Amino acid sequence: MTVLAHDLAHDPAFPDPTLRDRGGPAQPLLSVTGLVKHFGGKRRWRGETKGAVRAVDGVDFAIAKGETLGIVGESGCGKSTTARLVMQIIPPDAGEIVFDGEEVGSRALDLTAYRREVQMVFQDSYASLNPRLTVEDTIAFGPRVHGTPRREATGRAHDLLARVGLEPGRFAGRYPHELSGGQRQRINIARALALQPRLVILDEAVSALDKSVEAQVLNLLLDLKAEFGLTYMFISHDLNVVRFMADRVMVMYLGKVAEVGPSDVILNNPSHPYTAALLASMPSMDPDNRTEEAPLYGDPPNPIDPPPGCRFHTRCRFTSAICANREPPLAAVAGPHAVACLMTQPGSGHPQAAASREVAA
Amino acid sequence: MSSLSPAGAPLVETKNLTVDFVGTGKPVRAVAGVDLTLAPGEVVALLGESGSGKSVTLRALMRLLPEKRAKIGGSIRVDGRDVTALSRRELSAFRGSTVAMIFQEPGLAFDPVYRVGDQIAEAVVRHERVSRAAGRARALALFERVRIPSPEQRLDNYPHEMSGGMRQRAMIALALACRPKVLLADEPTTALDATVQIQILLLLRELQRELGLAVIFVTHDIGVATEVADRIAVMYAGRIVESGACRDVIRAPAHPYTRGLLASRADHVFTKGTRLETIPGAPPDLTALPPGCAFAPRCAQARPACNAGVPEERTASPHHVARCLLLPAPAEDGACHRADATAAA
Amino acid sequence: MTVLAEPAAETVRTASRLGRGYWAGVVRRLARDPVALVAAAIILTIVLAAIFAPWVAPADPYKSSMIRRLKPVGDAVYLLGSDELGRDMLSRLIYGGRLSLVMGVLPVFFAFVVGSMLGIMAGYAGGWLNTLVMRTVDVFYAFPSVLLAIALSGTLGAGILNAIVALTIVFVPQVTRVAESVTTQIRNRDYVEAARVSGARAPTIVRVHVLGNVLGPIFVYSTSLISVSMILASGLSFLGLGSKPPEPEWGLMLNTLRTAIYTQPMVAALPGVMIFITSISFNLLSDGLRSAMEVKA
């Protein structure tokens, strides 16, 4: 293993990731501000577009070096769109993405260089592998694109296969349809690591796997993170998995951030009513203490023309008149824990909120 | 599997049910001898991972498998009738009125070009030979029953005009249209968001209780099984390896596979940085099942005797059985088992 | 290290099927399809007979005989009878396969090359380029292919070469449309996105990830056009826009023999039978190819 690591480190085209650090430990690896993406809709000859899907509608977040940020939310909350925007698969309508202090797309960090630093693992393990390419060709593709000679690229593919727990001698020449779902997802992980990225976006990467296979892949992800000093953006709808993986959790609802903070705070003591409802919706594992009442009624609303004010107010049990009129800003409640709910914001006018500052003064 | 129902005949009873898929390659034994009983008003969860045979078992109960490709063996009795002997005509009357099914994808149940209400009304008219107005009235009552908001308008919706959770409710309404005695549910909440899933689970539980339905609920999610089931039957490689009251199976799993499944769940780990317990290896090749316990190659506690023959059911606690040699052998035929084991060793 | 210590997951299931090439699998599946095999055998026979016509044919296809005209099938001298100029039908049919096959295959081949390029370009690029290519293609689509072939051929003038050009132009839009739709599907697959994410540029992605996955379906579709091409070519010859007498060509033979339809219907029908057998064989083979190329998930 150490011998293999040595080989990798000495490829001149791929300097050791730790040597690529620019901004130092205090600089977030990724920071995103004001990210917006609307899909479709007809542009009126005057004024706003109508009927657009407001998939991501003003999202700010940062990921520190070496941490795992979990992103949770239901369908239509914009978590996958956020991943694709960060990955630059689709262009954002607005917003700035800064990677280790350099703006993405600037002269200091063009798209090709950025894509070596950030890689992604998709949910559908089968659709994300070319059925006509062997496993080793799939993994070697990225390095080959960046100019690594074929022999070295294949060698790297074999090393990575070994690291994701697949014996190179048996698997290198296989095709995707000859592999199981878990094996395919390991290939996808190896492919993402072939460019030695610093940030890996895992978009529901374990969601399609059986539970027992999921556990194997989650362990693998933890090992790889430690071994390569990776930073993860981990997107999932499964709160248990996020609890296991993430250092910090960001909860999204209809294209906006509802709550963000350390994972034990968010998942044990949530401040946003939506986070609380999401947690309460997880099936109970206690046969004597089953869920008796659904925490929320109805389906998540359509991201086309989302409700005004707080987007959650149509389903929130604490909703008051003010919620429909005022959009709650994402404001810190304690240290790194920030919530977008008027109840947590003194002076917001919500009956449950603390008294206004003026009265207190 | 001994029936748990205290009195009366079981509503569903399979004995040594096998399903083999034959095609171009080697035959695949998807179900390898399932004995399953369902008492009236009981909810059984069939729990298993992909390829365990849980969905195939469910479809076999309704003979929904392609006849040419799937060979069914053993016996299936539902409500006193031999399902394997039903004629085509009897089968279509049997489906819907005795047994109804709900799916993961409501798209399988609804025709996209007809209004949802009309499809439900039509099912009622066809099965019960009542007027269209009566069918329509039943559809409306069912929509109210499954808590679809503004049911009158929703009856005139096309399937694509409904949200995911709403479509799932409509499909439940369709399944209940002809007052079935048994409801078969094939992962009906898997494609739903968490907040919607729990609503559907609670609805199913409520309907089951009020209508006295017997339900077989196929799922891969232990949490979902815990929410709905009276009894859990764990499937592995085409067999039920453990079966017992929900509480017993979750609290005191008897089969190493069930224990492994429970332990590998991420919610069991509370300290950061610890690794998940995993079940090593992979499920067996269904074209060549091992002669013994199919889980033995992955089992840390496997012994030579495990490979000798498929383990019989042994009792872990009252009404809780598992096919595992680790459990104490039953008193009467224990000697015989031991003899087998020594012979194999 | 810990990674290696953990046993590779799920190796049992696939251990028996060691990595085999995709095309090896296609050939294996094709070999198990009796219909496709028979069709392939028929095509092979006709092709070989056409290539080795001077050795296979029992007589000179151009040698006419005024006294032995329109002999019936099964005649002592002419196995399949003789035509209106007393030429041996069997020999003419064998020789006729040469031109007919060329007229069937060549336009489709050219259309496959041009149409694939246009379609893949339009499908992968999307946007205005797609609109430009596909709307142009739609213009050609507006005319029935028979009419289009006749009109083009008539404009270019009679002759084999011009007929091939005309037929190519008829088929390019059809191939382009199929190529475009297949490419559009592939373009949105996750693996193409993953390739884009790894920093690859469009030509590399098309070469490595798109071509291999689209050429198969386009090829299968194109083989099904061969029969259409043969029939159209025969039609052109029938109208005097393709090959010229005394050249043996099935379509032309059908034309010149039509006067004999009441006296020797069997003989008159023979060129048609050949066109029918050949085109249906190509169709069956392409059907077999299509099902053999379906990769099971």
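When the chains are written out, they are named A, B and C in that same order, and each has its own residue count from 1.
Everything that follows uses one rule, which is that a contact is a pair of C-beta atoms (placed from the backbone, for glycine too) under 8 Å apart; a residue touches a chain by one contact, two chains touch by 3 or more.
Note that the structure is a prediction, hence the values are computed from the model and not measured.
Asks: Counting one step per pair of touching chains, how far is chain C from chain A at the shortest?
Replies: Shortest path length, in steps: 1.
Asks: Measuring between Cα centroids, what's the chain most distant from chain B?
Replies: C
Asks: So how far apart, in whole Å, are chain B and chain C when each is placed at the average of its C-alpha atoms?
Replies: It comes to 50 Å between the two C-alpha centres.
Asks: Averaged over CA atoms, how far is the centre of chain A from the centre of chain B? Could you give it in whole Å?
Replies: Comparing mean C-alpha positions, chain B is 34 Å from chain A.
Asks: At least two other chains touched by the same residue of chain B: list those residues.
Replies: 278, 282, in rising order.
Asks: Quick check on chain A: which residues sit in contact with 2+ other chains?
Replies: 180, 182, 213, 216, 219
Asks: If a residue has to touch 2 or more other chains to count, which residues of chain C qualify?
Replies: 6-7, 9-11, 13 - these are the residues of chain C that touch more than one other chain.
Asks: Hey, which residues of chain A end up touching chain C in the complex?
Replies: Its residues touching chain C are 1, 87-89, 111-112, 115-116, 119-120, 122, 124, 126-134, 138, 141-142, 145-146, 162-167, 170, 172-175, 177-180, 182-183, 186, 188, 191, 194-195, 213, 216, 219-220, 223-224, 227.
Asks: Under the stated contact criterion, what part of chain A meets chain B in this complex?
Replies: Touching chain B: residues 74-75, 180-182, 210-216, 218-219, 222, 237-241, 243-245, 247, 277-278, 280-288, 290-300, 302 of chain A.
Asks: Can you list the residues on chain B that touch chain A in the complex?
Replies: Its residues touching chain A are 49-50, 149, 163-166, 193-199, 201-202, 220-224, 226-227, 246-247, 250-251, 260-261, 264-267, 269, 272-273, 275-279, 282.
Asks: Inside the complex, what are the residues of chain C that reach chain A?
Replies: 1-4, 6-11, 13-15, 17-19, 22, 189-191, 193-201, 204, 208-209, 212-213, 295-297
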